[in-house]
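In the two complexes below, chain A is the common chain; its partner is chain B in one and chain C in the other.
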Partner chain A sequence: MSRMFGVLARSYLGLVLLFLYVPILVMMIMAFNKSPLYMLPFRFDTVWFGKLAENERLLRATWNSVWIALANMAIATSLGTMVALAFARYDFPGKRFLQGLLMPPLVIPWLITGTAMLIFFFWTGIGRGLHSILLGHVALSLPYVVIVISARMQSFGAVFEEAAASLGATPWQVFRRVSLPLMAPGIVAAALFAFAISFDQFVISYFLAPVGISILPVEIYSSIRQGFTPEINAISTIVILVSMALMIAFARLSSFSGER
Partner chain B sequence: MTTTAARNRAILWLAGPAYLWLLATVLLPLAAMLYFSFLTVSPLSGTPEFTLAHYRTFFTQEVYLVNAGRSMMLGLHVTLLCLAFGYPAAWVLARVIKNRWREAMLLLVVLPFWSNGLVRTFSWTMVLTDYGLIGRALHAVWPGAPSIEIMNSYPAILVGLTHAYLPYVVLTCYVSLQGINPSLTEAARSLGASWGQVFLRVILPLSLPGIIAGAMLTFVPVMGSFMEPRILGGTQAIMLGTLIENQFTAAFNWPLGAALGFVMLGAVFLLMALFWPLIRRHVQGVAA
Partner chain C sequence: MGSVDLQSVTKTYGATRALDEVTLTIAEGEFFGLLGPSGCGKTTLLRAIAGFVTPDSGRILMDGQPVERVPVNRRDIGLMFQNYALFPHLNVRENLGFGLSVRHRPKAEIAARVEELLRLVRLEGFGERKPRELSGGQQQRVALARALATNPRVLLLDEPLGALDKNLREEMQIELKQIQRELGITTIFVTHDQEEALTLSDRIAIMRAGRVEQIGAPRAIYERPATVFAANFLGAANLFTGMVEAREGGLTRVRLEDGSLVTTRDEAAPGRQVTLAVRPEKMQVAAPGEGPNRLSGTVSHEVFTGTAVILRMDFQGRAISVFAQNDGGPLPRAGEALTAAFDPANAVILTDPAG
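Our next item is the complex of A and B:
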């Protein structure tokens, strides 16, 4: 391959990256512009971040989002770890079917999953609210958690567990002393992923959030619909930095590129 | 045998809770939605009777057919744009960039996909205007530059959604391109094939599973999108997705919304059924 071609190819990739990141960067820069009407020239100011700290609604929505994401992380990671363990260590009839059942939350558009949850939760009396948002987020996170932890478990066989069991360890000791430490990186990665999915999820929360109670993406959406202000840029900057940091940590733990 | 019983109990206790959760939050709700779609009114607000009227409404009223068509076209356009820009990028990642750089670049490409989609859509409203940072800079260096003021139009929706799904298409294409043994292209070249022939006869067929997977994973959610058209589309925002959303958040005709949702779901499943044999054959062909 000629040198010239290599340069062209790299420039093309550079352009794709520009397309992906320039809008986000522009949005972030405008969060630091003083003018409330996005007027240029640019004058640096952190006034909009200060405004956030006084916005009661937004603070409450942020608080709700963080709590839901933490609860979702704890529940989805525990349930998902158990499923991954069952899939990795046992062969049983119907296993393929159960693995297939993880697909609907992944492939059905969120619009449909979200409205179906709305119908069912209303009908059964579960209703809308933070509890039903949590129910929905766990369902969306579970398939990802199972996939991430299963990938980790494929990298080591059952030999260590069998060795421990044959040396007289109880099933609980085998799990606590052998399986868990081996699975740990996968579990931590899956937990970060689950947190990020919940923290960024908009569609499901949108349909399940009742009037008056809100969580961050829903609150941002209604602010956008009312008209743009640099305050939205400020909160968006924080949200996107948090989710990107989470995903970088996830990538470091799970080596997702499949090279190692 | 007691060991079998113990084993079955272990499987049940390990997998049971998660599947109960999925049953209550995904499978039963979908069943309830299907049931609602055949009712005259929601059981919450009256005495329902069985009816096919909502499905009939979809197939007879122009507004639904036209907008279902618009949603399909939107899905098709975004998918084609993502493939056109994403496939070459995936190829560069798989064949030109090496080692640690490749890993870093791949992470950079995929990172936006897993960040907040709402915020990324919002960020385009800052760009697609002549009076923003980009518009000002462009007109400063190139006074005669064409206007980039495309907010509140169909092209704005295209840009936002392409931005949203491009990373995923790059990833799926990368995975299948990276799996192609480079000696296959060398063999084809040494036997006299031109670069065009190598691409059409070797690289394209072998990377088809990645292309189809990426296309499906883009087309399906784009068809169900409503937030992106609403923020970027202005008067062009009405799609099947926004019509469904409307039934649940404004018009409160849940049975009609449920029926429209199932029409969309039917289209999704039809598409998957159509393409699955194609991907499967290729997966097996590569493995054999």
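Our next item is the complex of A and C:
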């Protein structure tokens, strides 16, 4: 009985992994296939990476995506750290209400958020452009960042900060030398989240991107509609490898400072 | 350097008065204990002295200077937390040097001071360890050394030995007292453990419901408790209620509610209703018979503690205890008659009625 259960559990796990990773693997393998029509048999070639280097449009979109994601990561993580710190360490009127306001953006469909932002930005004269995409991404990722860092902050009390203050540390020194190192694993995780949310973001970017300017997910989408070549696979492969490398590097870093 | 003056310090949280007009003067170099049950305000008081709690009213003076508006980091205090609060991301050396480092002292000075502190608490060679790699007793010593690192004018200890097991606690009591004596630093500590308060303190303040119930040297409070609460919280007490009949020959005669007669050296006006406290170890098993300060009853049960036998007897509707030394003599057993006697010098008149 338990043996059969074991077999079932194993096959279940196998299936999950299969559906999760096989499409990605196939996608990556096809980046190295010579045929432009994804035809088999597989013939190894790096022609699509070469083509990619010449594809201005795709490269510019990738570059836009990368810097928006990095800027979003920096802005959302700094703002979110401050918010999480305020929620965890201070009591002020309306705190619960503000904490409650974090939740709805997580469940409101992006399509609706995107439409709302488009209308709002149009109205207020912010308009469309990379700046409004960045603004939208920051607004979108902030709740995630706050939630991830708050979870970390719950694992240690204010007592370390009080100890630092009693030893003569100014509020800034307390933050810099005690709160920040203790929050670091949460901040790193939140930063990764913020990067990923922005880098993956399609709907809001699609709405807010002006004509002629594109970012990677939007560019991939339009390529697919227009009929595409394995260049898309090539850029996707690069993106996957780079993000995995980042992920591993961050995980290593945070495990060093992640005591307690 | 290091006197602390509290004048009518009051702090309320909603409807509860955590501190109610607390007035205390702690002298330079004194080892002062704040003793009381949980929720009595002792920790709030310590946090007010440290600067984490701002009183609603009243004054806090250090060396004569008001400090109510001085932030924690400029109060020049050393604070040791109940669970030590050693920085988990720093090693022992960095923990000890933290206070000097945030004051931007030269590296060489910090290193020298850290060495000195490691010697003081006998942890040479542990400088590179992280706090979690230390035992409870070692962590406690690092916390103490860290609090002392900047030579603060006042050392504040929150349940300093509360997290240690019994044997280690006794050892650390001696060590703590020794270090405090050596440095002559004014020390205020919070405890709910009466034995710890008695052993360590030069003076104790017993606190209850935000108020100071009694202040004095451990021995003075123990021998002459002022209130029922003080008598019961610091040690055990047998309580008797009665009416003062007369004062003659240096003794006050009190007629207890059951008609028996007791005398005390304490003074009280005839006709007054009083409560008397007698410590269990100040009562002896006596030969049966009538007479003043002799109380008779039946032993309800006995507790053998090794060095002594505690005999319980119902008297005036209250359980009273007699602490009989285990000196080999015969002792009454449960169900047998007991006559307990005490010296008039050992009966203390309390200022409030027994509940």
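Convention: the second predicted complex is superposed on the first by the 237 of 260 C-alpha atoms of A that agree within 3 Å, B and C clash if a C-alpha of one lies under 4 Å from a C-alpha of the other, contacts with A are read in each partner's own complex, and residues count from 1 in each chain.
FYI, contacts are C-beta pairs under 8 Å (C-beta built on N, C-alpha and C of every residue); 3 or more make two chains touch, one makes a residue touch a chain.
Everything quoted here is computed from the prediction, not taken from an experiment.
*Asks:* Once both complexes are superposed via chain A, do chain B and chain C end up clashing or fitting?
*Replies:* fit
*Asks:* Of the two partner chains, chain B (first) and chain C (second), which one does A:117 touch, if any: first, second, both, or neither?
*Replies:* After superposing on A, A:117 lies in contact with chain B but is clear of chain C.
*Asks:* Who does A:209 touch here: chain B (first), chain C (second), both, or neither?
*Replies:* Touch status of A:209: no partner.
*Asks:* In the overlay, answer first, second, both or neither for which of chain B and chain C A:22 touches.
*Replies:* The first partner, chain B, only.
*Asks:* Quick one: is A:130 in contact with chain B, with chain C, with both, or with neither? Answer first, second, both or neither.
*Replies:* The answer is neither, since A:130 touches no partner chain.
*Asks:* Kindly classify A:138 by the partners it touches after superposition: chain B alone (first), chain C alone (second), both, or neither?
*Replies:* Only chain B; A:138 stays clear of chain C.
*Asks:* Would you sort A:167 into first (chain B), second (chain C), both or neither based on which partner it touches?
*Replies:* second
*Asks:* Of chain B and chain C, which one contacts the greater number of residues in chain A?
*Replies:* After superposing on chain A, more of chain A is contacted by B.
*Asks:* Let me test your reading of the model: by the given contact rule, A:178 touches which partner, first (chain B), second (chain C), both or neither?
*Replies:* second
*Asks:* Considering the aligned complexes, could you tell me the closest Cα pair distance between chain B and chain C in angstrom?
*Replies:* 7
*Asks:* Which parts of chain A are touched by chain B and by chain C alike?
*Replies:* Common interface on chain A, chain B vs chain C: 171, 257, 259.
*Asks:* Sort out for me which residues of chain C touch chain A in the complex.
*Replies:* 50-52, 71-74, 76-79, 81, 83, 85-89, 98-99, 102-103, 130, 132, 146-147, 149-150, 156
*Asks:* Under the touch definition given earlier, write down the residues of chain A that touch chain B in their complex.
*Replies:* Within the complex, chain A contacts chain B at residues 1, 6, 9-10, 12-13, 16-17, 19-24, 26-27, 29-30, 38, 40, 42, 79-80, 82-83, 85-87, 90, 92, 98, 101-102, 104-105, 107-113, 115-123, 135-136, 138-139, 142, 146, 171, 196, 199-200, 202-203, 206-207, 217, 220-221, 224-225, 228, 232-233, 236, 239-240, 243-244, 247-248, 250-251, 256-259.
*Asks:* Where on chain B is chain A touching in the complex?
*Replies:* 7-8, 10-11, 13-15, 17-19, 21-22, 24-30, 32-33, 36, 43-44, 85-86, 88-89, 92-93, 96-97, 102-103, 105-112, 114-120, 122-127, 131-134, 136, 163, 166-167, 170, 175, 220-221, 223-227, 230-231, 241, 244-245, 248-249, 254, 257-258, 261, 264-265, 268, 272
*Asks:* Within the complex, which stretch of chain A touches chain C?
*Replies:* 156, 159-160, 162-171, 173-174, 177-178, 181-182, 257, 259-260
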